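Two complexes come next, and they have one chain in common, subunit A, joined by subunit B in the first and subunit C in the second.
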Partner chain A sequence: MLHDEQKMETFSYDDAIVRKFVLATMVWAGVAFLVGLIAALQLADWRFNFNLPWLTFGRLRPLHTNAAIFAFGGNAIFAGMYYSTQRLLKTRMASDAMSRFHFWGWQAIIVSAALTLPFGITIGKEYAELEWPIALAINIVWVVFGVNFFKTIAQRRERHLYVAIWFYIATIITVALLHVVNTIQIPVSLWKSYPIYAGVQDALVQWWYGHNAVAFFLTTPFLGLMYYFLPKAADKPVYSYRLSIIHFWALVFIYIWAGPHHLLYTALPEWAQTLGMIFSIMLWAPSWGGMVNGLLTLRGAWHRVGKEPVLKFFVAGLTFYGMATLEGPLLAIKSVSSLAHYTDWIIAHVHGGTLGWNGFITFGMIYWLVPRLWKTKLYSESLANVHFWTGFTGIIIYMISMWSAGITQGLMWRAVDSTGRLMYPDFIETVLRIAPLYWVRAAGGALYLVSFLIMAYNITKTIASAPKNVKADVFQAPRLAPSSNQNLGDKPHRILEGLPIVFTVLTLLAVAVGTVIEFVPTLWATDYVNTGSSIKPYTGLQLHGRDLYVREGCYLCHSQMIRPILSETLRYGDYSRAEESMYDRPFQWGSKRTGPDLARVGGKYPDLWHFRHMMNPRDVVNGSLMPSYPWIFRDKIDFAVIPKKIAVMKFLGTPYNEQELALAEATARAEAQAVAASLSAQGATGKLEDKEIVALIAYLQRLGQDYKKGGVK
Partner chain B sequence: MIQRSLSHYPLTGLSVFGTLLFLTVFAAALYWAFRQQNASLYARVEALPLKDLEPMRDGEHSI
Partner chain C sequence: MTDTDKKIEGHAYDGIEELDNGLPSWWINGFYLTILFAGLYFGYYMLGSGPALVDEYNTSRETHEQAIATKKSARPVASEEQLAASLKDPGKVKLGASVYASKCIACHGDRGQGGIGPNLTDEYWIHGGNLTQIMKTVSEGVLDKGMPPWGAVLTADELPAVVAFVNSLIGTKPTAAKAPQGVRAKE
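The block that comes next holds the complex of A and B.
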């Protein structure tokens, strides 16, 4: 095959960077799982937050999800991508410096997430919480990663791009697009900003992002890893390369449309919901195509699955992928969503995906990689098997408990007796019923953490047994000739994927089509948000209180979106309209009801009730698992920042007039005085007019009021 | 409001358009995958992960 004139080149792979990413994956996995366990324990017994602000559920939960997705998942995919890309393209990464910048930049981003989220520095949109300086850093690091990756493709010594590389390309370009679009915001200060989108528009952009973060951060790159490492471990080519082509294009095309299934029965326009539902159901087919393709790759090797931990993890991982991708489309059906949405069923669903699919594929990959990267043998196969079975049991316990909790609570919320009244009007009743399951879930999570610690021990021992100086292997391969001299049959294929640029553009197009069709109509949001309604912008104090609500992560336990479903309107009041959140940056519709919906809580209780409730929810509601917020009673309102907030909101189009802006601080102080006076009159003690609690109460009491007063036309 | 948005944006039109577009992409991918001409190529590409280069032995190189 080789022509004499093709010059042989000598090179080595950059495995040092892969080793770094593997170690980082291990470290952050421990953090992500531990933080998850603490959060789980807090739902079983709130006191696990030790009354420390930075440890409360609302601040911890974003840390958990970010650590799990971007720190653990991120480092894992980078490790696998750097390893497989170099080998599939028979070249070293284009730039060691860029690889290192990517590695250290990413770790710095994770550390800054860990240093900001616990302090309530957050944008308040799920999985996109990191404030604007960090969001900006993410964009920069990602671009460097992308440039390095595409330069590597350009320098490759293998003409054909294996399907894993396609999945990596889709990941790199789509994540960039998603993240940039979703985090366009205007800063108020170094650590506070408001998104340029509001209300229904923000919701659509956010869940377009959120769902596709699952698609293009937790699915496509892991599928790429699966297509590389599973054939490697099984020592067999992928079952059907044809199927992988169809799998890729169908998946990439369909996924991007599915976001609105997070917003079924909300104030999102009906057509967008329907599109989201249809495409979610369609998604089932390519997902299972991929799973089947993976599992059948093991044809003739099944007898090895029982013995080899790597294969065991891959098979179980794929099976969890199959389960999650069957459950997802099911949950996206409107009638199923009406039961499952806002409940723990969704928590079961995502953990099947993350612990089972992402976790197990990663573990399998690490068990396969570490002995090769460190040129040694795995310390103990049997410990790896113990890891597998403990982890597996942990996931099963986790999922069964959360399925039961979710379905139980969903059914209790909607139960209506023969007289047309709610059977469980007290929300807390539905919480107490599932509380024991929160302990079971924590036990499942603990088991998973323990199983991981077994792995950490095993891997540490393995690395310790490695030779001190691992020398990089050296290879020889010919440079890729500029014009191919291969047979004609390849020509059409080369046009499609031999040309990475064309391929990238096609992928981008596939992603862009769904995006544009779903987005463009909402850009004219004024057309279907009735601005002539009675909904008025927040006052300065309320706005500040709203930011406290975001800071404390109240939205992670409370929704503000009443669905047009009988049991919901009976429980919470008339269903939510799009207009009601048109000044909300970010929107706070929420995705989980650990506590009740708050869209119409304004005026439901006297100020003093909120005062006591925030101090210690158990003083007013027996058995509540909501955290206490004593620091809100100590910390002072930063009145000086309120005019800046109003100015940014005004800039973004909220109709504040010049006078409101000029008098913002004085007005807010006067408002605070009034709330404090009302609290004192009801019996609260202390100097309250400059404390944060006053702003929070002002905000809570405002919720739903405009609508109640005037409705929307 | 739902009425307003429905009158502004054709629900069925968009869904039908999206679905047709998908079917087109899907048909193209199918055609591509099953083209007889591509068979030999796929056999080569699917073997890529399994065909690692052999490292050179010490003495063969000078890095």
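The block that comes next holds the complex of A and C.
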């Protein structure tokens, strides 16, 4: 039996693909951070929008989040995964061609995101903005990546899968599931589609996706990277194998349930909100399991942390992870959410996670990888230390400013005096109070960008000093003998680690349980949406105006979800009901109130108010931070597309009749004439009946109107 | 928790070894505690008698409305005479001017000349030109025409003050004024 095991095979690793992903990580990091800084400046002073459509906050913010998560974060995890997977499995990737397809496909997706989002081509759901052709391309590239990865596992020369690989498996299958389910949509045209889910269902699916994008794109793969690169860099054994097992399974099982904590106090059925909250609380220990196992692995190496930048980045990264995963469960408690939701506290929270955890783990990994990949020495250790401290200071400034802004504004929103009157009834008062903190935040972000530029210089110099034409190292390992359960081990989990297919199926089951229990009742039961209400579908013009609202990213600063909280209903009107968004594809409940809620804005102001407000918000709201939208006063309504939109909505179940469909274009034109006439009567000038502003006003004036008419039972 | 720090045999991946340490007791007990909390919370609010968020809201809304009603009955609506008296109080007019500058300018113009909303400087009124009528318009709004209700926004001092200031604008004849709307007030 021994002679078979002893048969040595010679192989090398595909490090060219790792080098590619490392370079892509560096390039997209620069883009993501720069766009983030511009967006931060736009919130500090509206003039940074430059009155240019493609540079306006509502279009730039999705570019920032997508670039940070999928371009910077994505390339970083791929770099680390390709490097570590090959070594942990003692085999080259199954197919170099598939690896290259993955690399170039992913970069093409990022470039197409950068070419569509600034032009307002968006689905309008956070972190899932990319329109259907790109969404489809993501699915294809991801599947190729997955096939290549699992084929690599199949040809491994290491019997058991190490914990890093477990996390990679969870990442690959869950991200595929999340993305495919959340982006099922029906195209209206090449660059416009509507999701098959509407209103409350769309909200549930979206935040199941959105939350678990954080879980399975920004957490599990990075934990996998941590489990490889931290013990390698520290040259220490992993603290506890048992802790790895327990926290891995607990994390994968529990994370998927937590999505509804993004929807506390909304029109989502309360049992689902409660599940979201309690599973978030149970998530604290499993999350900390990773941090604890990482930090305790450094026992005996702490004296090196002060000197070695790689370890310094890992320690700080893990600490930020610990902070974010303690803060997350805290924010998921309903009463805390009632204060923090819609405020900058959430912005502080996510940036602690991304800048601190994802950023610093990536930087530490790249400082460790580059000298090895290019077979040279790091150009400057001291510059890496400068990078660390500058970046660290930037994060601290960022987080403190946004915590202060969020808590201040949250308290101002809810302040009611003894006479029962809101103490700050004008929303703008609460904005102006925190506006200086937006400058502080921008300064923190700028510092982080500068720290990254120091790194970019350091890495460039390092690579420049590398010898040319590095030959790949050659390794030898015996081929694996055919496995039987006997030689896999004596403990159940040890046996499981030798059975990748069973392991993968169990992981899929772990994420499927929470998904099914939360989805099924909401997707198939009509109990939660009162269909006998007065809520009617949008007219063609309103629907078109709604798409403009989505195009301009209004939902990134304005919610349409009034929570059942006294200070909120005093400010905005009665709380929102599920049926009010039953025809909304996508739902536009929002997650942030940089400006006020708009769920009941219809009829609150005259048409002319909106007209002047969109032209220059400061004409009607002194001190407003909102961008101006001069182009919607120039650009014409595409009336011809309206019947197609109505047809897709009808196909998806919105009750338009045949006549409404047949007359859609003419009806929309007549409607536009009426709005234009009303605007002219109030004093607006110019030929307005074919301009986009008219459609947008038609939509804004509709918001909340059906409910006010009082038909909700 | 005592760490044995024993390396597990056969666990070596690209040189990474694993130790046979147990779970830190504070960690696993913390985990159990959150599970216990989750169970109790779910039991009380979902299966037991715990109030729903909407129930809690309705309670707070009722308390609020009772408080408002008590306050309202304690403070009678200002009469025409009382409002007329505040016209002569320069302090009131000054307060009214600052309220006007922050809340009314957007629609009625910086000098009351009108814009989105009607001209306030002429003698024509759409919803009545008596002081009590102006007070009612300011306080309850005219939702159909886009005039928001300011009663819940302005304080008890600010409401009559802004009426006094608006009254002081009549006859100022600003440039670029909007054409008169409504009916002429009887002098």
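Just so we're on the same page, the second predicted complex is superposed on the first by the 693 of 713 C-alpha atoms of A that agree within 3 Å, B and C clash if a C-alpha of one lies under 4 Å from a C-alpha of the other, contacts with A are read in each partner's own complex, and residues count from 1 in each chain.
Operating definition for what follows: a residue touches a chain if its C-beta (ideal position, glycine included) is under 8 Å from a C-beta of that chain, and two chains touch if they have at least 3 such contacts.
All figures in this text were calculated on a predicted structure; none of them were measured in a lab.
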{"item": "Simultaneous placement of subunit C and subunit B on subunit A, clash or fit", "value": "clash"}
{"item": "Which superposed partner A:Trp284 touches (first subunit B, second subunit C, both, neither)", "value": "second"}
{"item": "Which of subunit B and subunit C A:Ala578 touches, first, second, both or neither", "value": "first"}
{"item": "Partner chain in contact with A:Ala477 - subunit B first, subunit C second, else both or neither", "value": "first"}
{"item": "Contacts of A:Gly514 with subunit B and subunit C, given as first, second, both or neither", "value": "first"}
{"item": "Which of subunit B and subunit C A:Arg421 touches, first, second, both or neither", "value": "second"}
{"item": "Touching partner for A:Arg87 - first (subunit B), second (subunit C), both, neither", "value": "both"}
{"item": "Subunit B versus subunit C as contact partner of A:Ala250, first or second or both or neither", "value": "both"}
{"item": "Which superposed partner A:Arg612 touches (first subunit B, second subunit C, both, neither)", "value": "second"}
{"item": "Which of subunit B and subunit C A:Ser12 touches, first, second, both or neither", "value": "first"}
{"item": "Common ground on subunit A, meaning residues reached by subunit C in one complex and by subunit B in the other", "value": "84, 87-88, 90, 158, 160, 162, 228, 231-232, 237-238, 241-243, 246, 250, 270-271, 274-275, 278-279, 282, 489"}
{"item": "Residue numbers on subunit C that touch subunit A, as the complex places them", "value": "7-8, 10-11, 13-24, 27-28, 30-31, 34-35, 37-38, 41-42, 45-46, 52-54, 56-57, 60-61, 64, 67-68, 71, 102-103, 105-107, 115-117, 143-146, 148, 152-153, 155-156, 178"}
{"item": "Residue numbers on subunit A that touch subunit B, as the complex places them", "value": "10, 12, 84, 87-88, 90, 158, 160, 162-164, 227-228, 231-232, 235-238, 241-243, 245-246, 248-250, 253-254, 257, 267, 269-271, 274-275, 278-279, 282, 473-477, 489-490, 492-493, 496, 510, 513-514, 517, 521, 527-530, 577-579, 712"}
{"item": "Of subunit A, residues touching subunit C in the complex", "value": "84, 87-88, 90, 158, 160, 162, 228, 231-232, 237-244, 246, 250, 265, 270-271, 273-275, 277-279, 281-282, 284-286, 288-289, 292, 296, 329, 334, 416, 419-422, 425-426, 489, 564-566, 569-570, 575, 603-606, 608-609, 612, 619-622, 682-683"}
{"item": "Partner subunit A, residues of subunit B touching it in the complex", "value": "1-2, 4-6, 8-11, 14-15, 17-19, 21-22, 25-26, 28-30, 32-35, 37-38, 40-50, 52-56, 60-61, 63"}
